[in-house]
Amino acid sequence: MNFSFDVIWHNLPYMLAAARWTLLISVGGMAISLVWGVFLCAARISRGPFLSRIAALYISFFRGVPLLVQLLIFYYMLPHVGLDLPAVAAAILAVGMCSAAYTAEILRGALQTIPRGQTEAALALGIPTLSLWRRILVPQAIRIGLPSLTNELILLVKVSSLASVVGIGELTRISQNITGETYRPLEIYVAAAAIYFLINVILSALGRLAENRLLVG
Amino acid sequence: MGDITTEQPIIEIRNLSKHFDDFEALRDITLDVHRSEVLCLIGPSGSGKSTLLRCINFLEAYDGGEVRLEGELIGWKSAGAPPRKPLSGEALRRQRQHIGMVFQQFNLWPHLTALENVAEALIHVKGLPKAEAMTKARAALAKVNLSDKEANFPANLSGGQQQRVAIARAIAMEPSVMLFDEPTSALDPELVGEVLGVMKQMAAEGMTMVVVTHEMGFAAHVADRVAFLEGGRLVTCAPPADIFGREPDDPRVNAFLKTYRERNVV
Amino acid sequence: MGDITTEQPIIEIRNLSKHFDDFEALRDITLDVHRSEVLCLIGPSGSGKSTLLRCINFLEAYDGGEVRLEGELIGWKSAGAPPRKPLSGEALRRQRQHIGMVFQQFNLWPHLTALENVAEALIHVKGLPKAEAMTKARAALAKVNLSDKEANFPANLSGGQQQRVAIARAIAMEPSVMLFDEPTSALDPELVGEVLGVMKQMAAEGMTMVVVTHEMGFAAHVADRVAFLEGGRLVTCAPPADIFGREPDDPRVNAFLKTYRERNVV
Amino acid sequence: QADMLSDIKAKGKIVAATEMHYAPFDILKDGEYQGICHDLFVEVAKELGVEAEFLDLPWQSILPGLEAGKFDFVNAPVTITAERMSRYNFTLPIGNATVALAKKAGDDSIAKPEDIAGKAVGSQKGSAQLEQLKAFSASLATPADVREYVNIDEALADLAAGRIQAVANSAPLMGYAAVQRPGLFEMVMPPFGEPKYFGWVAPGGEDAKTLIAAINDALIKMHEDGRLQAINEKWLGSNPDLPTTMPDVK
Amino acid sequence: MELDLFVRYGPALLSGFGVTILCWIVGSLGGLVLGFALACLYRFGPRPLRWLIQAYVEVIRGTPFMIQLFILYFGGPHFGLLLTPVQAGIASFIIYGSPYFAEIFRSGFNAIPKGQIEAARCVGLSEGRILFRIILPQMLVPTTAPLTNFFIILTKETAILSVVTVPELLYETQTMASETFTFVEPFLVLSLFYWLMVIGTSWLGDKVERRVTRHLRRA
């Protein structure tokens, strides 16, 4: 087999440029996923049957429908109801809102390990719900759920490749295109994998760092 | 009862009952706590002491009867027969701000240091600026002799130290009523003395206290009245002298105190 | 010391020391425990009592000195100066089987019922058939007066009930040495009496016990010797009469017991 | 009734989508969109007097996107078939879509198309070339083992990996692959099956008829002044000899 | 919607669904077991092994499934590893899933209070027994939801197997789409099938979670 580094070297700049889109969508998606995920989780376990039902429905929808379809809906169907999002916005929103469903479930699982006594202590002191979540519950849930959350964020980076269906030339797409011209899929895909790997390894390192810091308590 | 003051009791408990599934943890408890009074709850393990405390600040939604704080019904929207509607979170929070609690299992927040555990509510409930809250929290920790451990996480504290953080966390909030669930169980006699001192001082400053304890010496020393619970019922409630006096009327109380007396009259 | 028997002590502690980061929790402790002896550890909160117990069964890897059980070094592969190699998990497990422990925070397994908590080790360590293990576990629960709660999960037990499950779990295993960390902190006086009875019986049957306690009455009553710890040092170790007698020699011990005496001589 | 042509002229630009993934028609080379379709369409846009804007989309969202009006036109090479013509408006042929084979370089067992009898041959799922291949294979004494791939890339990768012995796709693409990886792939001459053509696609319906007409006029003009031939020469090294009237399709 | 389409392509779609389910179940259960083993080795193994496992996790988790599959399937033959599409699909599924599962389980280990393990050691329970009796049941409290999540994610990753001609659901729907030039119907069917798998998985996850959180529910 003649593995050609030249091909990689030659196309790397274009792949890196495409990786910027991957990064943009990923980071935007992560922000939405984490923030929206916390609220979803709170709604999901709230006492109010209405809120919790809605959240359950949301989670079931966004986990149940393939992201590809969600993206197509965001980009190709929303215009029919008068909401014409630019492609990048649609991609970030779709990726983030879908990932939030998973994040919410991860947090819900983690919250169950926090002994009830801790919430009771906060209630007895009169700590407001928002502070209870922000200061007591979420930090600990994140601490427990961090490896799973890192998993989810890494999956999010990878799934950002679906943004190509709304015309964004992100890393996977551009790699495929280059392959279509060079007929060297192995080389190009290995290079693409390396770029994804780089992004994800940074994420993963950040996750471990946070985990080590949070685990002190 | 009612021999301490004629004004309205700060806590009124009327026909309180509480079930866990089909286990009756509290039945038909009627009890008043007066302003600035120290009421000790004693009784065998499993008699419902913690449950009673937890009903007072509605950590357990009691199912029968009423608990009132300064005349205001705790937890439920209306008195009367079930089904009743619970108060909104916000209303309940307002009520609970007047009631401090030290838990039997401490319930410290493991991801916050001792100091942060104490300061947390000062900042987020009292709304104190951070610096001021820290000063206050340090003062509270000093009261329970724990200044040198303020930076430790709960997992790195001894049992007694954890208990003292829990006490500091509650007293720093200066509530009008304090509920203590065995606040000295993990403390050595010397510290018990110190905590006792702190409690006496709080009592002198007008705080009302309900204290669950297994230390009869402690109860005898600090209580204005002692209530004896058994099997979820209030057996008796009287000044300590009547309870700890040589032979109290109630044979059950008598039996309960027997071993204690034997052991402590060395 | 050594006044009880001339045979080899069952536990020998030599120059034991333990640091947490740069905090010195135990320094240079030397202490023997004899077969069938009941040794009570007392001392202020944070003095290192729990840490000492935890070093005996190597839950804390002590960093200096030695702990020996029946002459065998606990935890490390060899005596001598650090760095030392810890024993393999299996070897440690074999050593620990002889040492029972009741934790200050109970450490029950929350997903198992009271009965399952007690029976678990009977089945999987002692290798008893399930039915027999259940019978034995029930007997242990009965000893601590908890037969009616065997099906409850720990979260649905009162503090004292949890503590009794922890005691039952340890005694059911019939180890040769028992380490109790404040085994009666959550118990009412009556139950303290009962647990005391159980412990006395175990002692009579030849079990060796090391008991951390804050209840001086308890210590005075049950101990063969009492060791007083402070700031990680062993201050004194003597029969209870010497310690609790009107004025022990050591001023520190004296100060420690002062409040206790005041409160308990009602 | 809207007319696409006047709308486009009013906007001053035409947005065309393609999958930049079909050499030598649509390729992304050195980060830039190039290829026969690119060069041709730039010229066509000039003739229309508008600017051309290109979008790269995966195949599965090109036709839904066209229907949702996210862009005006598909300048990807789409094989002209009767079934497709009933749904969309096609332009005149812009490329040769006749099926041809590629084999592994140096494989002497395949010298002409008929030699694939009994061998494993890959092609792209859903392509018109696949159907040609199937028909051809059925006409052989021992039919070929036809394998369907989602993309032609994977078929070529499997050819390189040795799981299949030949790949069938349009002659220009097979030729380009052989040129790009000379040591690896080799084209099997000649193309076989019925002659087929690639065209471009506009939305179905009446709105697009004037647009199609204008583009066809431009293409004919380019036939006449030699631009079309020049572009083909540049990418293929030969002239495909395209018809200037709509071919008959079955 | 043209119903005769479904009559025509029904059998193919169903067989595609079968292949998808096969790859999904075998692949993800294999990944689950491998992941659990990795998490245990990571926790209890010697230090060099931990580094090795961490490197494995980072590399496999950090790269896209498609590329792993591609390398295994198309690169493999260059090293003499000639797998059939379904073999390659299942093998790469197991490999791909394992680091995610390993990380989820690792987070589960962190959630068990140390004291409980100390108590178990004190009564002399063996490490294996501690793992399966004390740690695992409680570990499932925080991890059932992420595990369910990941099983659901894997249902969709099966679609990628189509690139190596595994005749799974997407492959068959694409056949249907490209042969009939319909787009909406095949993708509706596709979504429906995925949705079935997803609700099945969430239902099961729910059951497991209910079981493992029994002790947390209050009267």
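First chain written, first letter: the chains are A, B, C, D and E, and each begins at residue 1.
Throughout what follows, a residue touches a chain if its C-beta (ideal position, glycine included) is under 8 Å from a C-beta of that chain, and two chains touch if they have at least 3 such contacts.
The structure presented is a predicted model; accordingly, all values stated were derived computationally and were not measured.
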Farthest chain relative to chain B (centres taken as mean CA coordinates): D
Chain whose mean Cα position lies farthest from chain C: D
Intercentroid distance (Cα basis), chain D paired with chain B, Å: 82
Computed distance of Cα centres, chain D from chain C, in Å: 83
Rounded Å distance, chain A centre to chain C centre (Cα mean): 50
Whole-Å separation of chain centres (CA-atom averages), chain D against chain E: 38
Shared-contact residues (touching 2 or more other chains) in chain D: 60, 64, 151, 154, 157
For chain E, residues that touch 2 or more chains besides their own: 70, 74-75, 78, 138, 216, 218-219
Multi-partner residues of chain C (at least 2 other chains): 105, 155-156
Chain C contact footprint on chain E (complex, rising order): 113, 115-116, 118-127, 129, 133-134, 137-138, 212, 214-216, 218-219
Touch list for chain E against partner chain D, complex: 70, 73-78, 82, 162-165, 171, 174-175, 177-179, 181, 183
Contacting residues of chain A [partner chain B, same complex]: 115, 117-118, 120-129, 131, 135-136, 139-140, 143, 214, 216-217
Contact footprint of chain A on chain B as seen in their complex: 57, 59, 89, 92-94, 96-97, 99-101, 103, 105, 107-112, 120-121, 124-125, 153-155, 169-170, 173
Residue ranges of chain A in contact with chain D within the complex: 2, 10-11, 13-14, 17, 72, 75-77, 79-80, 164-167, 169, 173-174, 176-186
